[in-house]
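First chain A sits with chain B, and in the next complex the same chain sits with chain C.
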Partner chain A sequence: MLLFRFFTSLHLSVVLFLLLVVDLLFGWYCLEGNTSFYQMMNRTGLVEWLLTFGRSDPFHTSWFVVLLVLLFFLAINTLCCTGEKLTRLAKNFHATLQRKSGRFTLSVHLMHLAMVVLLAGYLLSYIFGEVNSSVAVGDSGMTTVVPGTQLRLRVEKMEMIPYSGKGIPAFEGRRIDAEALLHISLKGYGEKVQKISMNRPVFFHGWSLFMQTFNPKSEGSMSKNIYIVLDVRRDPGIPLTFCGMTAFVLGVLGYLCFRPRKTGTNENSIPLHHKK
Partner chain B sequence: MGETMAFLSEHVSLVMCAAFFGGVVSFYSRRPRLACGFMLVGMFSNLWLFISRYTAALPFMPLHIGLIGISLLLACVQVLFRRQEKSLLLPLLLLLLALCNLLYPKDFYLPFIRSQSLFAHTFLLCGIGAKALLILAAVSAADILLRGEAVVLSAASRLVSFGYFLLILSMFSGEIWSYLGWGTPVVWHDAAITTVIALWFYWSCFLHLHYIRSWSTRWQGAFLATGGVLTLLVSVLPDLGPYQGVL
Partner chain C sequence: MKILVLFALLFFTAFTLTCCDMEQPASEGGPDGKSVVSKMAGKKAKKSFLTIGEFTVEKKSDTLTVVRDGAGRNLALVPRGAADPEGFPPEMIIHTPMKRVVAYSNFDVATLRVLGEINTLVGTTTPENRWYVDEVKKRFTDGSIVWVGNSSGVDYEVIKKQKPDVVLTWDPSIVPMMTELGIPVVITSTPVAMCLNARMSYVKFLAPFFGREQEADAYFQRVGDSLKAIRRRTRDLADQPKVMWGDMYEKRVLVEPGNAWIGELVGLVQSDYLFEDVYGTSCIEISMERFLTSGNDATVYFTYRTPKTGATSKEALKRNHPLMACITPLGPGGSVYSPLPWYSQSGDKLDEIFTEIAAIIHPDAYPNYTLKYFLELPEKDPVEGKEGSKNGEKRI
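And then the complex of A and B:
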């Protein structure tokens, strides 16, 4: 019971928030000149990254470990507070929905739950996500098999998008995007032909393909080979992450619409240890 | 084209800085009309800088434009809503931002090609709006604290709420952009991500502190003002280029 009271404490949330701010500012300092460390996390996954990069340079990676611990406690704190409050509200849910203050309270708790869902989504992505990075697919009609999978890729047609603006002289004559018609097949799941470009991924039976780069980048390029480079991912955390994001935005909108007029006054404050 | 723009940009930055300096001096010597004129010149110079840099970079997201964007929004607020205010805080802040912009020697940086996305622009513009609102909330709170008045900071709190909403929009559109471009919603190798998340936690903390009974107006003001300094630091420092190391 004492432990539950500790985790429902608003003071704990405040302390955790402030510690997170300090830790992230330290992270900002650590990132200077060490960005390549963190680039690898998107490819190797969290556990592998901690066991390799985390071990080799504990000073510059410690803030990230601390961040994970703090976020874990924040998630527990949020779940306890919101769970306690929502259990109480559930007894009189219809009456709560009728009142503006009730809708405000529900919006706040929607934000809290959304944050936990968001964190769970990130965790799932970093732990169970599979990445096949830098898969090159040429324009020559050859089929590329993604290593470790049954995915077969082939570029059917490719169109280069040149820079058409005038504001950046360095970009004149350069290509700023490539649109490739990608043929994807997976044994037992059929096939699909879809356009892929930068910022426009392709999704196929749980796999997502992201264009990382393309060649050639300019008309007079030394390298004449035409190809695209893809990151092929399977990420179970993404649906949860996007659900969390949508719910959080809805919660903030509700917070803004239904908030009491004088939120800055102490008269509107509610007792500590009571609710979040 | 690029050289002419850089030349013009440097000179307009100088005009903006001089105009905000004139505005501060006029405010100090109690000449509100003259101060307003100076601020107007500063605001239009700022607007020109912002639009010229933004359009030059299109269809990409311009880099290091945050400082100029925040300064533009604050200048608009000063000219449109705070003409009658006697406080020197916002004009001084505008002068500081103009000086930072003047110190930064290179106006145009090559944007990265993956930034030609609507989400990248939303991330940038909502981020600028959010930071400007949060800084403005801190300025109003600091004004009240400096005057020693014991009034409720509901106006500043409202600004924080809207700033927080824009910050959320900026952060989530950044995550969608990151997902579509890199395949992951959070890329930890970009220092801008850690600073935005730090700001999110700080202002989340502020919104939670409302529910504590012992949270007095004075503490609320102090927390707001500190948040303003933090927001200013994380907004200005990355845009200072080589001068970042000096600070």
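And then the complex of A and C:
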């Protein structure tokens, strides 16, 4: 009970937020000029990154570890507070739903819960996600096997999207995107042909394929080889992250729709310049 | 609540103490290799995990070293005769020491020289007539090395015929074909420019491929010593020249970003690098306006062009790109330097190159220094026939 009271304390939230500010200030210092050090986490996952990069350079990793701990406590704090409030509201749930202010309160709690779900989704992605970065697939019709998997990729057709505007003369003749018709097959799961481009990832039986880059970037490029480079991920955190996002959007909508507004025209609500 | 306050105080104390540690000279700190000078000081921790920019080397056991190449691909290095590790497809397993190598990049070839493994080179994408390294030219002559075609379109049959243990390349598009041929590929370029430490320690990335870690350490020490000497000689200089490194082409302006080794080196030799705030890949594109604005402040300008590609004089540069004429170094008395053709093949002499750059930026600190890798551009083009060996006769 004492522990529950500790975690539902508003003081805890305030202290956690203050510590987060201090920690992120230190993180800002560490990040400056060292982004590639942290970018490696996207390739290795959290645990391997901490055991390798983190262990080899604890000075630049410490703020991140502290951040994880603080976010963990903040999530517990949020869950306990929200849980306590929701338990109270649940006692008279129908009445709460009928009142506009009740729906507003529920929306706020939904946003809080959504934040925790989002954080959990990301944590899941970085702990259990599998990443195969920089898988090159050429347009020569050759099949590329993603290392360590049964996933086979082949580009069937590729089209470069040139810059068509006139505003940036330096971009004339440049390719700003590439669209490739990607043939994907996975042993036991069949095959699929789908278009992929920089902003259009492909999802296939738990695998997500993102276009990292493409070549050539311009007509007169030094490197003439035509290929795309993909990041191939298996990310168990995606469903949770999407749930969190949806819940947060619903929470925001609820917050906007049901927020209490002052009605009527009592004297205090009249702007000063309208008063005689 | 007291516990919380105590926790906050403890955290604040720890943070303050850590910050005290930050008050090091500007040349130290940072995983991307800013701790160059301190690392030279002899504090060498024996780690099983080594980061070299975006490359990593992790010694898992006596029979398995996992390296991560510039594209983030994990490759297994296994001593010849040892069993192949599980979890790695055949094209990701390299048997060491390697005996036959095809290399795209001149810097990779230079690194082979550092490791004493130039004899393993069996193919390059630079044709024989563009080499200035005697050992390479000689091996071309006796047929040990072949030209495998232009880097934008290599001849896979020639590569296959050479039976390399590995292909060192910057081009990921060859991976599917090489996989088909059963030849492992190592991507030796990175999306972000190599910092000073990564440039110096790159040799440590290739060393385990040949079992030449000692040679790599000795080279790193040598280059590190030269950096310390440069720092000693330049740190008290009052004059702080402003340096820019890049070029304007027909439609593009490319420069070396501040995170590249050049930017860090310029900062280390008591001078200002004008593109310090630019971050990204080597030869990064910036706007023409930015280039020209920085050009007004610059005192020393390094162009990418060699004398063979048009940088024969300041007048030639202005003629090539009239807009560039307004930058200060191209004006009368300004300093413009162009790399000589063998500069890009001299990655095994980083100590000399660093010293030469320091001597260019601070000529007073290096009196009577003779340039070997760069050419100071004259105001006007030299008269025909008086160029001598400067444009390409040298052997290194």
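Remarks
Definition applied: the second predicted complex is superposed on the first by the 256 of 276 C-alpha atoms of A that agree within 3 Å, B and C clash if a C-alpha of one lies under 4 Å from a C-alpha of the other, contacts with A are read in each partner's own complex, and residues count from 1 in each chain.
The rule is simple: a contact is a pair of C-beta atoms (placed from the backbone, for glycine too) under 8 Å apart; a residue touches a chain by one contact, two chains touch by 3 or more.
Computed from a prediction, not measured in an experiment: that's the story for all the values here.
After overlaying the two complexes on the shared chain, residue contacts for A:238 are found with chain B alone; chain C is out of touch. By the touch criterion stated above, A:96 is placed in contact with neither chain B nor chain C. By the touch criterion defined above, A:145 reaches chain C but does not reach chain B. Once the two complexes are overlaid on the shared chain, A:24 sits against chain B while remaining clear of chain C.
When the two complexes are superposed, the chain touching more residues of chain A, out of chain B and chain C, is B.
In the superposition on chain A, A:194 contacts neither chain B nor chain C. Once the two complexes are overlaid on the shared chain, A:185 sits clear of chain B and of chain C alike.
In the superposition on chain A, A:10 makes contact with chain B only, while chain C stays out of contact range. In the superposed model, A:169 makes contact with both chain B and chain C.
Note: residues 11, 18, 35-37, 169-170 of chain A belong to the chain B contact set and to the chain C contact set alike, using the contact criterion stated above.
Residues 1, 4-5, 7-8, 11-12, 15, 18-19, 21-22, 29-32, 34, 47, 49-51, 53-54, 56, 58, 68, 71-74, 87-89, 91-92, 151-153, 171-177, 179-180, 187, 190, 192, 251-253, 259, 279, 285, 287-288 of chain C are the ones touching chain A in the complex.
Looking at the complex, you find that chain A touches chain C at residues 9, 11-12, 15, 18-19, 22-23, 26, 29, 33-37, 40, 43, 52-53, 55-57, 59-60, 62, 66, 133-134, 136-138, 140, 142-145, 147-148, 169-170, 172-173, 215, 222-227, 229. Considering their complex, residues 10-11, 13-14, 17-18, 20-21, 24-25, 27-28, 31-32, 35-39, 41-42, 64, 122, 125, 129, 131, 165-171, 176-177, 198-201, 208, 210, 231, 233, 235, 238, 241, 245, 248-249, 252-253, 255-256, 259, 261-266, 268-272, 275-276 of chain A touch chain B.
Residues 1-2, 5, 55-60, 108, 110-111, 113-114, 116-117, 152-154, 156-157, 161-162, 164-165, 168-169, 172, 175-177, 179-191, 194-195, 197-198, 201-202, 204-205, 208-217, 220, 230, 234 of chain B are the ones touching chain A in the complex.
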